[in-house]
Amino acid sequence: MMLDEPGNWGRWGADDERGALNLLTPETVVAAAGCVREGRALSLSLPIRGATSSPAPTTVPHLRGRPLPQHFMSVDGGDYAAGARAIGAGLRMADDALVVTPHGTTTHMDALCHMWSGDRLYNGHPADRVRSYGATRCGIDKAGPVIARGVFFDVPAVRGLSHLGARDRVEPADLEACLDGTGVELRAGDVAVIRTGWPLVWREEGPDGYWAGQPGLSADAGRWLAERDVCVVASDNAAIGGLNERQLADEDLADDLHMILLWRHGIHLVEMLWLEELAEAGRIDFLFVAAPLRIEGGTASPVNPVAVL
Amino acid sequence: MMLDEPGNWGRWGADDERGALNLLTPETVVAAAGCVREGRALSLSLPIRGATSSPAPTTVPHLRGRPLPQHFMSVDGGDYAAGARAIGAGLRMADDALVVTPHGTTTHMDALCHMWSGDRLYNGHPADRVRSYGATRCGIDKAGPVIARGVFFDVPAVRGLSHLGARDRVEPADLEACLDGTGVELRAGDVAVIRTGWPLVWREEGPDGYWAGQPGLSADAGRWLAERDVCVVASDNAAIGGLNERQLADEDLADDLHMILLWRHGIHLVEMLWLEELAEAGRIDFLFVAAPLRIEGGTASPVNPVAVL
Amino acid sequence: MMLDEPGNWGRWGADDERGALNLLTPETVVAAAGCVREGRALSLSLPIRGATSSPAPTTVPHLRGRPLPQHFMSVDGGDYAAGARAIGAGLRMADDALVVTPHGTTTHMDALCHMWSGDRLYNGHPADRVRSYGATRCGIDKAGPVIARGVFFDVPAVRGLSHLGARDRVEPADLEACLDGTGVELRAGDVAVIRTGWPLVWREEGPDGYWAGQPGLSADAGRWLAERDVCVVASDNAAIGGLNERQLADEDLADDLHMILLWRHGIHLVEMLWLEELAEAGRIDFLFVAAPLRIEGGTASPVNPVAVL
Amino acid sequence: MMLDEPGNWGRWGADDERGALNLLTPETVVAAAGCVREGRALSLSLPIRGATSSPAPTTVPHLRGRPLPQHFMSVDGGDYAAGARAIGAGLRMADDALVVTPHGTTTHMDALCHMWSGDRLYNGHPADRVRSYGATRCGIDKAGPVIARGVFFDVPAVRGLSHLGARDRVEPADLEACLDGTGVELRAGDVAVIRTGWPLVWREEGPDGYWAGQPGLSADAGRWLAERDVCVVASDNAAIGGLNERQLADEDLADDLHMILLWRHGIHLVEMLWLEELAEAGRIDFLFVAAPLRIEGGTASPVNPVAVL
């Protein structure tokens, strides 16, 4: 995907801030569109449930202790029921606001400025440009939309499980097994969509079950994907890699999945997907679309990724 | 577009809450994907500029008096420069939060619960289900993603202007002129993307110029689009219809564009687009993608719509 | 306390919206000031801990599932350490924002519009004036500051406990025992400050212990206080009355503490105090000061009440 | 004022983080309480007007471009009018949230970490401890409540004006003239309350008039106050010192009022007061009470200061 020359408002990241999204070319975009065969679209996101006077926000999978979304109506139908006057000759309206902290609370795409080690972000950009008023390097506004071929890895399915266990780690052999016999090969510029099934645990066992740890990619699996030049790794767990019961990664720095994918290779990460309907659809390749909000200097954007089958 | 049967999390609106998005069928989705010929993707959104200790938020087009986006970093590179410790063996991270009120402040898609008259929303849904804790009818979570053919109406271009004037209203003849000789005809399920060029006024004349009123569709143009069964009307102005200097519509209830399109016909509206690069691209039809965040009960979602050429 | 005639900005509630705060008269205010004998001031509030990328917010007592305070710095010392330029000749600054939902999360004062039954608020004000854009009747902006004599009821102390148990209910006899032999009698216009010691459980047993229920006033104790014309009841528990393990009151409507005190008698409630230093001070009467923020139409205000000994 | 030994929750700032509030002693507190003679209490704050779907927030004085307060009801009377069910046997409730950025938008008290020059805050505390997750040095949580004698300087009154002009600067001679013949002398530990009358301009001339600049203390007047060991300087303008039409101070670093008072002398500042009723009350000395919310690491707190006459 070649992005247009930026106008004053429509500015994109320079190539050196877009990481693996540079792998998207006119050819990959056209080929991705060619994966639309059934004409069905599936949303891959969790709901954003922010009715804060109720327990609703706590009923959606999230990491323990994170601030949940808050959604407020500033005028609504109840006001008119209570006597509020219409605008002019009879117009009534509802208006609202959203407070959202994407990491760990809802489906989102990480910016390349989200994680690093030492004083340098991905590609050597200085980490001290990530300020309280936003990141002037590698923010989510630099990413641009993802219009790519999605390739689905339903790991629990090939292992014969409904979902992986908290300590399970996805290995390269699992990824290979997912494609085995499908005729689909992972290509440069693809989005690898990895199912662990972990969100099912929230429904089956509640928050404590979900917080007991999380399955995720092993370091080797991360390297396997990076070697194949995917542009995005997307999964239904919270951190691409696995988590222990303290909700931290067990790997050291060299093997940390965010370090391998995001920091070293500039591969964008989409986390906390909901992949259950996609799992039922029986499709391996499809058009994957995710367009992060252009939050200037943001470390992430909530997204509603779509699989077009 | 046939959406899958809802799971417990992946719930969609019933057909009677999705309005004109029901016009999307497997055939329209496949046809829309077929419009991808160049393999270029253009984002059609304004930036979300929320650095609240600076004048930055006020430099993006918005309606006067609306609460602007606020973007906060809760940990960032500055903290590490100031001595914050890395996580474990050396991981550093940035985290953030966004407060956003979409209407009038940024590129967004309206839910069918956003406007109505009397006690009924679109399709007779009771307006008293739109509550402080969210709309249980016709919220933006019911809409689902828009994967459709976009058809571009560059009105100032056919009038030989860089942008329309504050009192200009787009008439059916303008819309017809835009397609004249292009070989493209508006079909059921299309997204009509209407350019007025008004955001240019923000840059040229500043806020006061932008707030002096706004060009927009006439009631007749709204009816013309509704008769052609578009699923979405998208524009770079703030309210699809025009606005006067008090930032209100001049039309009465029968002719109000939100009433004609959103309320009577269930046609979703996408407002405050940035269409300047699209105008330069010289394309009439393309794949239009917009996936509203699944904000339960929301009156709108900020979106980053994408034109795939 | 006679409040001045309102100016255009400095508007107070009419007498019929201020409830028991009308019991404050010039005489009670002067007498309250006369309780300042040692010249020591104690703050009676919990900290507002809103560093949302850390576990800090979850370490302060709160009701389960409530949205915790979020505090964001929009420019800070880290930015300068990372290279941000000073303003003009060398000024540096830090700026911040707070998101707070007072009920159940921090020390706060309830407005008279916070709870009611049927269609009427306290004193017959119509409940349908409590709208999404704020309460135009009985909001916290109508209350005005509390400058009154505080009278301390250290219930666990008279029972020989460090704190009450989750199922303990404070009876009139407990309140009488607290004053017995002190020479202090409760008078009209006093603030009754009731200690249960329950916040200690947060530290001793953690959140699950704190959420197992809460001690509080019995209905009879509520009536006993109302009969004595206190203007405010303030306590270190979350709801003045006790709570069960589902964090709800067990009493029926007639005996609910909010109904007895707030709704029927217009007695303002201050909840989630921190009273441990006051308990050590050995004082029964003192000057109690709490000035709710004038949040127009608010259902509560976070407050930092002060005991001046 | 001697603050109690901190408990685990009720922690105060060490003496070296409380600046001029250390001037409050048991003697000054008792003497301040002795100023209560009439038994009247006046609130000195602007309203917090946060109904964001209306123009209401823009009708209260504020600095241009600052994010205004947002107040949201998350359940309210309209919901019940629209059919929401009562809790249990009939309890109804309203709940809400507030988003507030104190500086420049509402009545607030500055923390000692709000402004500095170079790498050091007040009293040599390192500025790199002011982080995105809050200031661990000199935050508003360290300040403690202000229980002190207020001394009123009604500068426009002594100049025979209803309010000062945008370019007027208050000089030491003005301050002396305010006390002349009153029998009141400024003492160590007093709060100097300075009226400029500038908020009246908001009502008389609207936002543009208010934003044309602001009257304020001259550097000499700042030094005059600092020499007299006041603990707090409080005023009805936005920045204690004057502002030019770009809403910045004209003084250089040596003469900047925040540098003189806050940074060099640790004198807390309370800004954006509403002093019109106090001006009518005819009192020079009174009990001044302001208790900042204990926002951990905050650069300020919204406050509702009270004058008890």
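In order of appearance the chains are A, B, C and D, and numbering begins at 1 in each one.
Here is the rule we use: a residue touches a chain if its C-beta (ideal position, glycine included) is under 8 Å from a C-beta of that chain, and two chains touch if they have at least 3 such contacts.
Listed by chain with UniProt protein names: A, B, C, D = Kynurenine formamidase.
The shown structure was predicted, so the numbers you read here are calculated from the model rather than taken from an experiment.
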In terms of residue numbering, is the interface formed by subunit A and subunit B classified as same (over half shared) or different (under half shared)? same
Count the C-beta pairs in contact for B-D and for C-D, then report the pair with the higher count. C-D
Taking each chain's centre as the mean of its CA atoms, how far is subunit A from subunit D in angstrom? 44
Taking the mean of the CA coordinates per chain, how far is subunit C from subunit D in Å? 22
Geometric centre distance via CA averages, subunit D-subunit B, whole Å: 42
Within subunit A, the set of residues that touch 2 or more other chains is 51-53, 67, 70, 72-84, 93, 95, 97, 99, 101, 128-133
List the residues on subunit D that touch subunit C in their complex, please. 1-5, 7-12, 24-30, 33-34, 36-43, 45-54, 56, 60, 67, 69, 71-74, 76-78, 80-81, 86-103, 113-119, 121, 126-135, 141, 144-145, 147, 199, 203, 248-249, 252-253, 256, 258-259, 274, 276-277, 280-281, 287, 289-300, 302-306, 308
Interfacial residue positions of subunit B with respect to subunit D in the complex: 52, 55, 57-58, 65-68, 70, 73-76, 78-79, 81-84, 99, 101, 128-133
Going by the contact rule set out above, which residues of subunit B touch subunit C in the complex? 51-53, 70, 72-84, 93, 95, 97, 99, 132
